[in-house]
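Next come two complexes built around subunit A: one with subunit B, the other with subunit C.
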Partner chain A sequence: MNPIVPSRRDFLKGAAAAAAAGVVPMSVVKLAFADPALDFTFGYISDAHIQHISGTKFVRNWDRGLIRAVAETNLLNPKPDFVVFGGDLGQLGMKEELDHGAEIMSKLRHKTYYVMGEHDYYLDLGEYWSKLFGPQWHSFDHKGVHFIVLNSILTFDDWTFNRWPSAEQRMLEMAGLDNPNGSPFMVGEKQRAWLKADLDKVAKTTPVVVFSHSPLQKLYKGWNFWTDDADEVQALLRPFDKVNVIYGHVHQIQYNQVGNIAFNAVMATAWPWPYPQTYAHAEHAMPVLTVPMNRADPFHERDATGWQFIDVHTGRVALNYNLYNNTARTVAFNPASGRPEDKLFQDPAKRIPPQEHY
Partner chain B sequence: MKRILLGFVAAAALVGAAAMAADATAPPLGLPPVPIPADNPQTPEKIALGKKLFEDKRFSSTGQVACATCHDAQKAFTDSPLTTSEGIKKGGKPLTGTRNAPTVVNAAYFVSQFWDGRSPSLEDQSQHPFVNPVEMGLKDHRPILKIVRSDPAYAKAFEQVFGKKGAAITMKEVEQAIAAFERTHVAGDSPFDRYYFKGDAKALTDQQKRGFDLFVNKGRCVSCHVVEQNTALFTDNRFHNIGVGINGIQNDVPALAGEFLKAKVTLAEVDVKILGDKRTSELGRFAISRDFEGLGAFKTSTLRNVAVTPPYMHDGSLKTLRDVVVHYNNGGVTKEGDPVNDFLSGGIRPLNLTEAEIDDLVAFMEALTSPQFASLPSGARTEVKP
Partner chain C sequence: MKRKIAVAAAAAAVVAVAFGITVRADEFTKKDQERWEKEYQSVVQKGRQLFTSGALGTNGVACAQCHPNGANTHPETYPKFQKQLGRVIALREMINWCLQQPLEGKPLALDAPDMIALESYILHERRGVKLEPGKH
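For the complex of A and B:
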C-alpha cells in the first residue's frame, strides 16, 4: 500500500474499524448476564495527582488529564451506573489539592466512589479526604455483585507515627520511588478483620469486585507495586467463585490471575509509569508482561494516560481502556483460559511492535 | 530496522522514478515527489481537461459557481479573504458553508481531504461540492454527466483522455481529470526552502531565522507542522483539537455528539450536515471517527503559502497569522483567560512567547511563500479586507 495515498478500500476499511471501535464507548456495550437487568457498566478514573503550585495555581497538565476524563465519562452511553475514582486525587495530600480535585470531579453526572491513595493520605492520615469522601473502607451491593472498597496503602504504625519530624516530610517520603526511607503498603489487621466479617455475610457464589489503590498482589517493592499482606487478603477472597480486584497506583495496564482472583490495573490521567522489573518473590503472583505499551510520545502530553469503563457481566469484569493518542484496548476475562486477556493484542501476531527511536 | 528498510526501499523507488522522469516533473525545492495513484496517471491532456472541468460554472444549480469560485487561482486557490465559502445564490444572496476554503495548492500531499479528512483522495473529494446544497447545489451528478457527454469539446476530450464516450463517461473520469489538474498545483521553493534545503543563508532575514528557531523549539509548532530532513510538508496529516470552534459549543457537546451518533448518517450525509449546521460542524473529526479523540479536532493544515491565504483555521475565525500565534500562545484559547475546552489535544499548552517572539514566528511564516504567490497581499499581521 502506498503510505501517502491509501487506497479507497483501505480507507473505508479503516473508517469502518474506527467507527466500530469508536462507537463502543458511547453507545452499545454488549453485556452478557442471563438477566439483562443485571448487566451494567461503571466508569473508572484514577491517579489524577492534582498538584498545587501556589495560590490558585495548579499543575496544568494534571488538571487537563482529569478534566478530560470527566468530560468523556459524561459522554458514555449507556450511562454507567456509577464511577470509581481509584486514588491519588492529590499529589501531596493538601487540602488545596483535594478540594481542587473534588471540584473537577463534581462535574461528573454520576454517583462516585472514592478509593484512598497514598498521595491523599500521608499528610493528615486521611482526615480531610474522609471529610470530603466518607469512610476509607466499606462495601456495597449493586445488581447482584458485592463491591468492596479498601484502603490498601496503610503501613506499619511505627513508620507512620514515630519516624518523621513533620507530616509534610512523612508525605514526601511515601511519595518517593526507590526510596530506602519508604515503607511497604498494607491493608492491616484491623481492616482485614472488618473484611472477614463483611465477607462472612456474602454467599460464595456472589461475584465480588474489590477496589484498592495498590495491587493486592506483590509485584515490585521498590515502587510499592505491592501490598505486604496481599497473601492474607487473597486468602479471605479465595473461597469465592469469582473475585475481581481493580487497582490504580501503577499508571499502566496490568492483568493477572491468581487462583480465583482476576487482577486488573487502571490507567492514570496524570502520567505513565514504565513496567518495572518484576520481583522474584512469589512465582504464582507475577504477571508476565505480554503486551508492552509504546513509548509515550513526549509531545502529546496525554499519551500513555487514559481512563476506563468497566463492563460487568457473568460476575467478571472487562476493562475498556480509553487511551489518548493510541489504540483503545480491552482486557476481559477469558472463560476458556480462566484469566484476563487483552482482546486484541494477546496473540503475539496481532501486536503493534514497540516504536523504535534512532 | 523496519523503518530503515522501508526508507531504503522508498529511496530506491525514488532513484528509479528520478531516472525515468524528465526534469520537468521534478518536485519543487522542499517538496517530495507528488504521489500519483497508479490508476490515474498524469497526462497533459487529462490535466487540461481537469482544468476545464474545474472552471466550469455549469456544474452548479445556478450556473454561477465552479470549483474555481472558492479555489481561485488568483488567490492561491482559495477565496481569501472570505471567512467561510460562498456557494450558490438564493434570493440574490450567496449561501455560505461553515468552513474556510482550504487551498488546492499542495493538497496533493494530504493523506485525506477536507478539514475533517472525510475523503480519502482528491478524486473522491471532487465529487462532493457539486451536490452540497450550500456549495454548488446540484441534486445529483446527472447534470454534469449530461454536459460532458453531449458538449462536443468535452466529448472529444474525454474520448482522447479516457477512450470513452457517451454513457461510458461516468463521474469516475470527471473526478480523475479534476484530481489530475489539482496535482499539478504544488508549490515549494520558498525563501525557507532555499535557506534550509539549499544552505542559502541570505534567503531568510535574521527575524525569520529567529522565528524558525522558535518554530522548532519553544513554539513547538514543528510537532504537527512537520519539517523533515529533505522535504517539508508542514503537516502531520493528523487531527487535533486546538480550541477553535469547539470552544463555542462546549456545553452542547454531549447533546450534539449524541444526536449525531443516533442519526447514523452516511459519509455523504455527513457532508451536507456539517456544512449546513455550524454547531454540528464544530464536532470536527468526530463526525468521521466517532471517537473521543475526534471531538473538535481538525486536520493540520500545511503552512506553505499560509501568509497569502487569510483568514485562518477551519472556520476562518482568525483574521491574521498573528492572531493564530496568539491563540496558540494562550494555550488553545483566542482570548487570554477564556475557558479551555475539556477535549483539548495534548500538546496544546501556553507557550509563554514574548510579543517579539510572536512577531518572529509570524515573520518566519511569511518566508514560506512560493515565488508564484509572492505578489499576493499578506495576512500575516493586518487583516486583508474583501
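For the complex of A and C:
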C-alpha cells in the first residue's frame, strides 16, 4: 500500500502576494510513491472568450477573467513547467479578439501551449490562430510523459464549406451553444490517422496526457458537450496504461473514468455554464463521478470561473481548481479506486446545498 | 360602425333565440385555441430572438451566452428571496439586473413588450417543471 503523505506547500509566492490577490494559499496532497524527480506541475487556463465590441473596446468582464488568471499563474510557486490555454481565446474568431487575447497571455512568464476552440476557428478556419500559436495538433514529451494537443472541434465538410453564405455567419452559427443549426464536433479521419502514427512510437507504459477543447466523450449533443468520433479516439488511447484527457469547452467541473482514461474538465475564465441536466427538455449523460461546482452567484462577477494548476505524478493528474469567488477544489486520481475523485466532496454525505443544480 | 355592430349583435341574438342556442361569453373553439397558441408562440420566438441577440445591452453580450436554452434562470422559483438584494423579487427584476450588469444595458419597463417576450421564452424553456416559488 502506498502511503499518502500530505506535503504542504503554498502555491502562491508568499503570503503577501496571496493576500493581495485575495486568495488563501492552499496545500496540495502529493503521493509519496511518485519518483519526486518526475513530479511536475503545469498551469491550465481556458475559455477566455475575449469579445470585441468596437474600436479598442472589449467586454470588460471577460477581459478581467483572463487578466486575473495570467496574474495568478505568474505567482505560482513552485513554478509550473509550462501553461496550457485550453481554447476559445476569442468569442467570434476575429483578429482583434485573438490579438487582444494574445496580448493578455503575453504577460505569462511560462512556455504556453494553445488548444484550438470552435470560437477561434470558424471565422477563418484557424488561419490567423495558427499564425499566432502554431500547429493545430501536435505532440511533445516532457519528463517521461507524452503530451498530445488535438483540434477536436472540426465538423462535417459539408457544414463547414457548403452551408453558409459567409464566414461571419458560419462563426455565429457555431458560437451559439444551444443553436440547432450548429454541428457536432469531431477530431476527423485525417487527424486520427496522425494520432495513430504518433502513438505507435510511444511505449504503452508511457503516461499519456491529451489536451482537447471538446470532451473526448459523448455527454450532451445539444450543447456540443460531445465529440462525434470520441469512440474511435478512445480506441486509439485504450492500449496505454495511463491516459488522461483534459478538456475545456464545458465551463464547469466535470470528471469521469472510462476504462484506462481519466477525463477532467477545466473551468472557464469568462463565465460558467449550467450542467446539461438543468435543461428540462433534453437527454444527457452526466459524467457519473462528478460532484458539481457550486451554483453560480451572478452577483459575484467572477463566481464559478477560474483556472487550475495540475500536478503530474505517477503518470496521473491532480487538478487544483483555483475558483475566484469560491473555496478552491482538488480533483485527483485516486490509485486505490482507480478514478479521479474530489479530495473533499466525493462522499455524498460531504456535499453541500450549493452543489445542487436544477 | 358602432351602429352596425349593434345591428349585427341583435340579428345574432334573434338567430340564437330562433334556433334555441344560448351564446356564452366563455365559449371558444379549437380554431380560437390555435390562434392563441400561435400568438403565444410568436412572442416566445421573439423572446428567443432577443435572448440570443447581442443587441439587447451595449456590449454585444447575449443572455444565451451564460444561459443556453434559458437554463440556470430558474423561473419556477420566483418570486423568491434574492439573498444578494435582501428582499423578495420577481423574475422580471432579475432579468433587468442581468440587462444592467453583464449586458451593461438599460433596464426595461416591467410591462414592456420585450420584457414579456423574454419572460415568455424563459418560462417556455422551463415548461413542465414544477412551480416552486421561494426555492433557492
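In the analysis below, the second predicted complex is superposed on the first by the 309 of 358 C-alpha atoms of A that agree within 3 Å, B and C clash if a C-alpha of one lies under 4 Å from a C-alpha of the other, contacts with A are read in each partner's own complex, and residues count from 1 in each chain.
By definition in this document, a contact is a pair of C-beta atoms (placed from the backbone, for glycine too) under 8 Å apart; a residue touches a chain by one contact, two chains touch by 3 or more.
From a predicted model like this one, the values you see are computed outputs, not experimental measurements.
Chemist: Please name the chain, subunit B or subunit C, that touches the greater number of residues in subunit A.
Modeler: B
Chemist: Could you tell me if A:197 is touching subunit B, subunit C, both of them or neither one (first, second, both, neither)?
Modeler: neither
Chemist: Taking the superposition on A as described, I'd like to know which of subunit B and subunit C A:349 touches: first, second, both or neither.
Modeler: It touches nothing on subunit B or subunit C.
Chemist: Let me test your reading of the model: by the given contact rule, A:272 touches which partner, first (subunit B), second (subunit C), both or neither?
Modeler: So A:272 only meets subunit C here.
Chemist: After lining up the shared chain so the two structures overlap, which partner does A:336 touch, if you call subunit B first and subunit C second: first, second, both or neither?
Modeler: neither
Chemist: Does the superposition put A:176 against subunit B (first), subunit C (second), both, or neither?
Modeler: In the superposition, A:176 contacts subunit C only.
Chemist: Touch check for A:67: first (subunit B), second (subunit C), both, or neither?
Modeler: first
Chemist: Could you list which residues of subunit A make contact with subunit B in one structure and with subunit C in the other?
Modeler: 60-61, 299, 301, 358
Chemist: Could you please specify the touching residues of subunit A with respect to subunit B in the complex?
Modeler: Residue positions touching the partner: 2, 4-8, 11-12, 15, 18-19, 21-23, 25-27, 60-61, 64, 67-68, 70-72, 74-75, 77, 299-303, 322, 324-325, 328, 353, 356, 358.
Chemist: If we count contacts the way the header does, which residues on subunit A are in touch with subunit C in the complex?
Modeler: 49, 51-53, 59-61, 176-179, 222-223, 271-274, 278-282, 295-299, 301, 357-358
Chemist: Considering only the defined contacts, which subunit C positions touch subunit A in the complex?
Modeler: Residues in contact with subunit A: 52, 59-61, 64-69, 71-72, 74, 84, 97-98, 101-102, 104, 125-129.
Chemist: Give every residue of subunit B touching subunit A within the complex, in rising order.
Modeler: So the residues of subunit B touching subunit A come out as 1-3, 35, 37, 109, 111-112, 120-121, 124, 220, 223, 253-254, 257-258, 261, 267, 288-294, 331, 340, 342-347, 349-350.
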